[in-house]
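Multiple structures follow.
In the two assemblies presented below, chain A is common to both, partnered first by chain B and then by chain C.
Entry: the complex of A and B
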């Protein structure tokens, strides 16, 4: 943890060399996700519900998903550029240092401009809370915390999975973005609106449903009580990802020079 | 002590002809070729030895260094470095080695050199006293005191290489791997680097294994060379073993490469 703090400071020092660029990308990040919100807002101007979810409910869902994603992204973004790390051979350097590889990869890239997105997530999250008609109890507040933790872990898992794939091939990995950035975009609505198949996929393969749809039903008093515990089950998703990563490191073949 | 026995490593590389149509074909059916980067390589290196590891491009030098430093896992063979198997006890092993890749940097581009050093202190968990001592000593030997506060992007290649050397030695490694440390350097910087390596070996008794294409490096630094070609060790001895009469080392080496068809 101390080492991560040290990496954090190094990135801060580096970024201070390029101030303007930093502020511009912060604003950009903020606006991108604000855009998504606008799209949603205007849609609900015309239709007052989507598959039985009202504007307020969808907003809560969006706020939580965006928050989960932003939290995961701010820690795990190092994985997102991992393909270039493999291509350029910088991963060699990671391996000749006596520290955990994942920690070093995470530390290799910390994007402060993501603060724009996090800010946006916080705004959406609080707005979603403020307008929601949920009757809050201690259990429900805990469920939200659960969702945030579980969701962050699931998204980190996907980032890790993406990175692990880089060990095997470094071409055509764009499709993994469907599961990261794509999930953020689609995740603004409860996943059930995309149909039964998608819901099944999001329950048993990549557990988006467990961190978003089911606990949301619980919050809205429409689900079964055990739904509030599903985010914990979702975090188990991280283990196969970790296993895949270890497999990848063993398979690593470095590159020229 | 480093002992490597019967190490082999094969890479699978995809190949295709140039041009768009073959690129398109490769989308669906890839052809692979197996390259035997290392083929039954064995050697022993004692503590405090300085060894030049040479061979033409693509002979397997970097692969060997990567295996010895725990980056790659060989397909076959065993290797023990001070009792540890590099790719199995990676974390324990790399605490005791320093690695310099001449073509890459481990310093942070946008911040002063000293900041990179401080990060390394944290990574290697060097205690503050040892760190200060080593830093002072390395600064003195490599004449760094002027450079520590400069961002790396503003250093010349020669200055950067000196910092690079210091960075890989802050944690007092027993073994130092140098992968082409003098590549691209001017005469003055080359001499400075060579001097430093000699001094380091003499004073700290550090084992040095270096790969290079610069024969003057070899003449100045190492009494023992291991010559590798097409993944096989062709010579383990002295540079004088291949030199005949008046020819220069460079010529002798080129003749040797040619006679072995590598």
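Entry: the complex of A and C
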């Protein structure tokens, strides 16, 4: 943990050398997710509900999903450029050091411009809360915390999975995007609107539904009480990802010069 | 002209080499299109009367958008160009007896076309076999199809001309990341990549349609899906011509200014 703090400060200092560019990137990050919100806003100008969810409810869902994603991203985006690390053989250096590999990979790159997106997530999150007509109880507040935790873990798991795949393919796989950026993009609506099959996939294969749709139903008083515990079940998803990573590390043969 | 054609050919065949990347791209875009269509379906089921185009037209729009993604996505800017500005390799380019603006223009066009050529056919083929409301429909008339092809090229031209502006501006700012991100997200939203322009409220839309961003993907995709037809389609094509010319000239002016003041970075 202290090591991660050191990595953190190191990256912070280096980025502060280019201040203007940094702030512009922050604004850029902010705008990118703001686009998504605006798109949603204009859609709801035209339609007043989607699959029975109103604008306010979808907004709550969007705020929570974006928050989960941004939290995971600020921790685990280091995995995003992992393919170049494998390709250039930099991973060898990681292996010879007597520290945990995951921690080192995470520390290799921390992007502070994500602050823009986190800020956006905080704004959306608070806005979603402000306009929602949820009657808050202790249980529901806990559910939201659960969702944030579970969601962060699931997204981290996907980032880890993406990185582990690089051990086998060397090249980064573009289609994993669907599960990271795509999940953020389409996670703005509760997953049930995409139909039964997508919902099934999001329940049993990659548990997006468990961190977003089911607990949301609970928050809106439409679901069964045990739905609030599902995010905890979703975090189990992390273990197969971790296993896969370990498998990848064992499989790793150095390339590059 | 001949040397720029040569640049175009070179880049084009280079782009065709990346077939695995193309395959990954095809899968991604296919999945993306399906999710997009499912989303539109949910809205359509919620309130069909508020849907601004027919559902089938919306599906065709999405398929075409994903198939020709490489032509219109603003974020597909070329890192090589930015790098050469930042690290000073631009000096080599300046030594050559070619105009940098024209060369990069040809190069960007070639990159986009080669990517699109590799990716569009499998997506279009698969989409054509998907049953009626969800799949890709045929254009209304041969005339509409030719107009679509024409506007497709024009739209690509406008997109590239806009990206060129960003390259040119980074001669002055040196660190391209910021301006790049901001301009990309503005383009994404205003060109109808986030949601198609017909889904905007009417007043907003009538303004957006005049901007250069609407001349990028909005026009060809809507002509294909039959949402834009008759005189409106011709007007839109005319507007595209105008914007292509305007952005191109503006780019040339900034290019001339930049070349006067340029300092080569790095060593």
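Following the convention adopted for this analysis, the second predicted complex is superposed on the first by the 254 of 257 C-alpha atoms of A that agree within 3 Å, B and C clash if a C-alpha of one lies under 4 Å from a C-alpha of the other, contacts with A are read in each partner's own complex, and residues count from 1 in each chain.
The rule is simple: a contact is a pair of C-beta atoms (placed from the backbone, for glycine too) under 8 Å apart; a residue touches a chain by one contact, two chains touch by 3 or more.
None of the values given here were measured: they were computed from a predicted structure.
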| item | value |
| --- | --- |
| Contacts of A:10 with chain B and chain C, given as first, second, both or neither | first |
| Which of chain B and chain C A:38 touches, first, second, both or neither | second |
| First, second, both or neither for A:138, with chain B first and chain C second | neither |
| Chain B versus chain C as contact partner of A:253, first or second or both or neither | first |
| Touching partner for A:49 - first (chain B), second (chain C), both, neither | second |
| Partner chain(s) touched by A:1 [first = chain B, second = chain C, both, neither] | neither |
| Of chain B and chain C, the chain that contacts the larger number of chain A residues | C |
| Common ground on chain A, meaning residues reached by chain C in one complex and by chain B in the other | 18 |
| In the complex, chain A residues that touch chain B | 2-3, 6-7, 10, 13-14, 17-18, 88-90, 92-93, 95-99, 104, 250, 252-254, 256-257 |
| Contact set on chain A toward chain C in their complex | 18, 20-25, 27-29, 31-32, 34-36, 38-39, 42-43, 45-51, 171, 173-175, 177-178, 182, 186, 189, 193-195, 198 |
| Residues of chain C touching chain A in the complex | 20-21, 24-25, 27-28, 31-32, 35, 38-39, 41-43, 45-47, 50, 52, 173, 175, 177-182, 184-186, 188-189, 194-195, 199-201, 204 |
| Chain A-touching residues of chain B, taken from the complex the two chains share | 11, 62, 66, 69-73, 90-92, 94-95, 97, 99, 101, 103-104, 106, 108-111, 115-116, 118-119, 122-125, 151, 179 |
